[in-house]
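Once you've had a glance at the structure underneath, I'll fire off some questions.
Per-chain numbering from 1; labels A, B and C assigned in written order.
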């Protein structure tokens, strides 16, 4: 069967051909928007033109058949125009107001989850996990599904003091902005890697492997032509494994996940911040990770109860102090919480004013 | 230097380095340009032509990209040779 | 085909109200052996708590060094359908807008040559097609590219740039994020498809300080829209917000980080001391009808953010506090070229630009790209009296 002729370096199709006419017409001339419900909003242009958006959750992993189902709905109500958000939601773009309610009705009938707009939990940004990544020490999709089932009404309905952005990363490579999320889960190793001395010399460049270790825990082993790991220095980052596959960091019995909190990327009110360690470890507990889910819910609800309106999780914690975060959430404070890596000294308290 | 001749030099160098060190495009260009005195852009063009026809290929391993001689098995899997 | 595997673990994840990825894999498995074996292998992972994927291998399309991520199962005998399960990254259109026609076209190609599974979208922004065999790659590429689609970046290369929805549907956009994203993607096609950098280089563009694409946390170059003059105030709308019950003093003025706003409850008017405003967007985001960004628009350029591998995560640092951005963005392109050149010349393999700046010093970077020192670049000046003098500092 003859294939069509390939082209190279053409880049993505120009976005303009995908814009609904009302967007093309009012491009750069939007005046304001209103959130109409947890999953719908209206944007109004200087010209008075309007466009309505209906936001629907997606598991990010979509089959072509589901995409076709979504397309069918978009054809019916949106003249065939739709978009996706950075946080993996689907947005139906409605130019004709009279189609808005029927669209919402059909989506509900078909069990789509509408929501995620305004001061709520948005869809979880996540990574590949066991579904598709060699590096994964947990399954991101399973955690996301389990957590969002539990927090469902915070997406579809219930208000929080402000937006809460959740994220899941299935290893410390952290594809996605997990390190700056309100509440995030990151999978971690806890044991130094095991070296396959037979294959290391065949498959790896020794100097590159040695150089890959951020704590200088790796040195060459002239006898075996492989490498030796100084286990005391290893902090289980797995970088050597990325560079040299025969160094295996996976340890299914001791791998698991940590929860970090208080990060943000927006500049609203306060500077963007990194998330910080809240709970150092949970065992992987598929298919539903019940303890992790409960811990996330506890943090979320403690925040909901104590934060002031418009405060993000990180802003709330900074106002009350981390010592208070631990007492309010009831989370145990451990040695793991005290930093001993690159920027440790900046995190030690240098003031006599703190809370009990 | 003719492009074909230059390409032979590149190929020779790639064969010599095979299994010893992963080379980036830049390393190859620098080396061949130094060896032959040809302008870097000329070497780059010759190298790119080899990559475009599948004589050499970009590769990825150990968390970084490099250029390599493709294996026959790979070219067969891709349907580029029988 | 369906029903080859019993999946009691994964079946649990079809329960509950949130849309289930397991249902998606099962849907695809009805049509594809690949998706079916993906399901089988995943069930095994759920039982043993470990993945069964090998390190990415060498795959690609002729002439390109990126856009395809090689993926092989470590259990090819048990799960032959995923013996090869490569990812194809398709460069998304700016702003993630699509027509149903375009999406269907991609679905048809993918049903023919792949597993029928996708990610909309990958973390970087690409439309990700999940799972195909090496022998299908050239065909997928021919089908896609002949219809106007191209592959995104991977490996040590320019990665697919991405942006927020910007002027297409947001009243706060200070720059045309989608146009800029498209321009830069086109400008860097060669660097995107042919990995020649020390490591990855990501560009993300947000139209304002709300930073909806998290540019500041996950891009080597974060471009964030801003303005230089005064916030535009519509006092009529201020009054309407007050009358509608917004507590302007408490929710807006008191939460302004620079304390530069003054509200008069008598006549319900708002004043801003613009010289003190740090353009954080809080008030504008909460009173969008009454307040708009200023008229002198441009962007702040920040450099260096990355995830924790290896020596810890970084947020991007302010390099150019303000730059006007108008098509065809030649000044910006020239500046980015200079940044990349300096990085390319100096970095070790797998060293990101942020790490290189730390290693070589901010001064070396700023001088290399021709940007002068400015107080906006730091939170505070250094504290200890140890500092270097360069020869050039004496000649003044």
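One rule holds in what follows: a contact is a pair of C-beta atoms (placed from the backbone, for glycine too) under 8 Å apart; a residue touches a chain by one contact, two chains touch by 3 or more.
Here the structure is a predicted model, which is why all the values come from computation and not from measurement.
*Asks:* Quick one: most central chain, C-alpha centroids?
*Replies:* That would be C.
*Asks:* Looking at A-B and A-C, which one has the bigger number of contacting C-beta pairs?
*Replies:* Comparing A-B with A-C, the pair joined by more C-beta contacts is A-C.
*Asks:* Using mean CA coordinates as chain centres, what's the gap between chain B and chain C in Å?
*Replies:* Result: the chain centres lie 32 Å from each other.
*Asks:* Just give me the whole-number Å value for how far the CA centre of chain A lies from that of chain B.
*Replies:* 39
*Asks:* How far is the middle of chain A from the middle of chain C, if each middle is the mean of its Cα atoms, in Å?
*Replies:* The computed centroid separation for chain A versus chain C comes out at 12 Å.
*Asks:* If a residue has to touch 2 or more other chains to count, which residues of chain A qualify?
*Replies:* 208, 212, 239, 242-243 - these are the residues of chain A that touch more than one other chain.
*Asks:* Which residues of chain B are in contact with two or more other chains?
*Replies:* Residues 63 of chain B each touch two or more of the other chains.
*Asks:* Can you tell me which residues of chain C touch two or more of the remaining chains?
*Replies:* Answer for chain C, listing residues that touch two or more other chains: 55-56, 63-64, 138, 349-350.
*Asks:* Using the touch definition up top, name the residues of chain A that touch chain B in the complex.
*Replies:* By the definition above, chain A touches chain B via 204-205, 208, 212, 239, 242-244.
*Asks:* Can you tell me which positions in chain C touch chain A when the two form their complex?
*Replies:* 9-10, 12-13, 15-22, 24-25, 27-28, 31, 35, 38, 42, 45-46, 48-56, 61, 63-64, 71, 85, 87, 91-104, 107, 110-111, 116-121, 123-125, 130-131, 138-139, 141-143, 145-150, 162, 164-165, 167-171, 173, 176, 178, 182, 185-186, 189-190, 193, 209-218, 251, 255-257, 279-282, 285-286, 288-289, 307-313, 315, 348-350
*Asks:* Quick check on the complex: what are the chain B residues that touch chain A?
*Replies:* For chain B paired with chain A, touching residues are 21-22, 62-63.
*Asks:* For chain C, which residues count as touching chain B in their complex?
*Replies:* On the chain C side, the touching residues are 55-60, 62-66, 70, 134-135, 137-138, 154-157, 194-196, 199, 344, 349-350.
*Asks:* Could you list, by residue number, the parts of chain B that touch chain C in their complex?
*Replies:* So the residues of chain B in touch with chain C come to 24-26, 48, 51-54, 57-61, 63-65, 67-68, 70, 74, 77-80.
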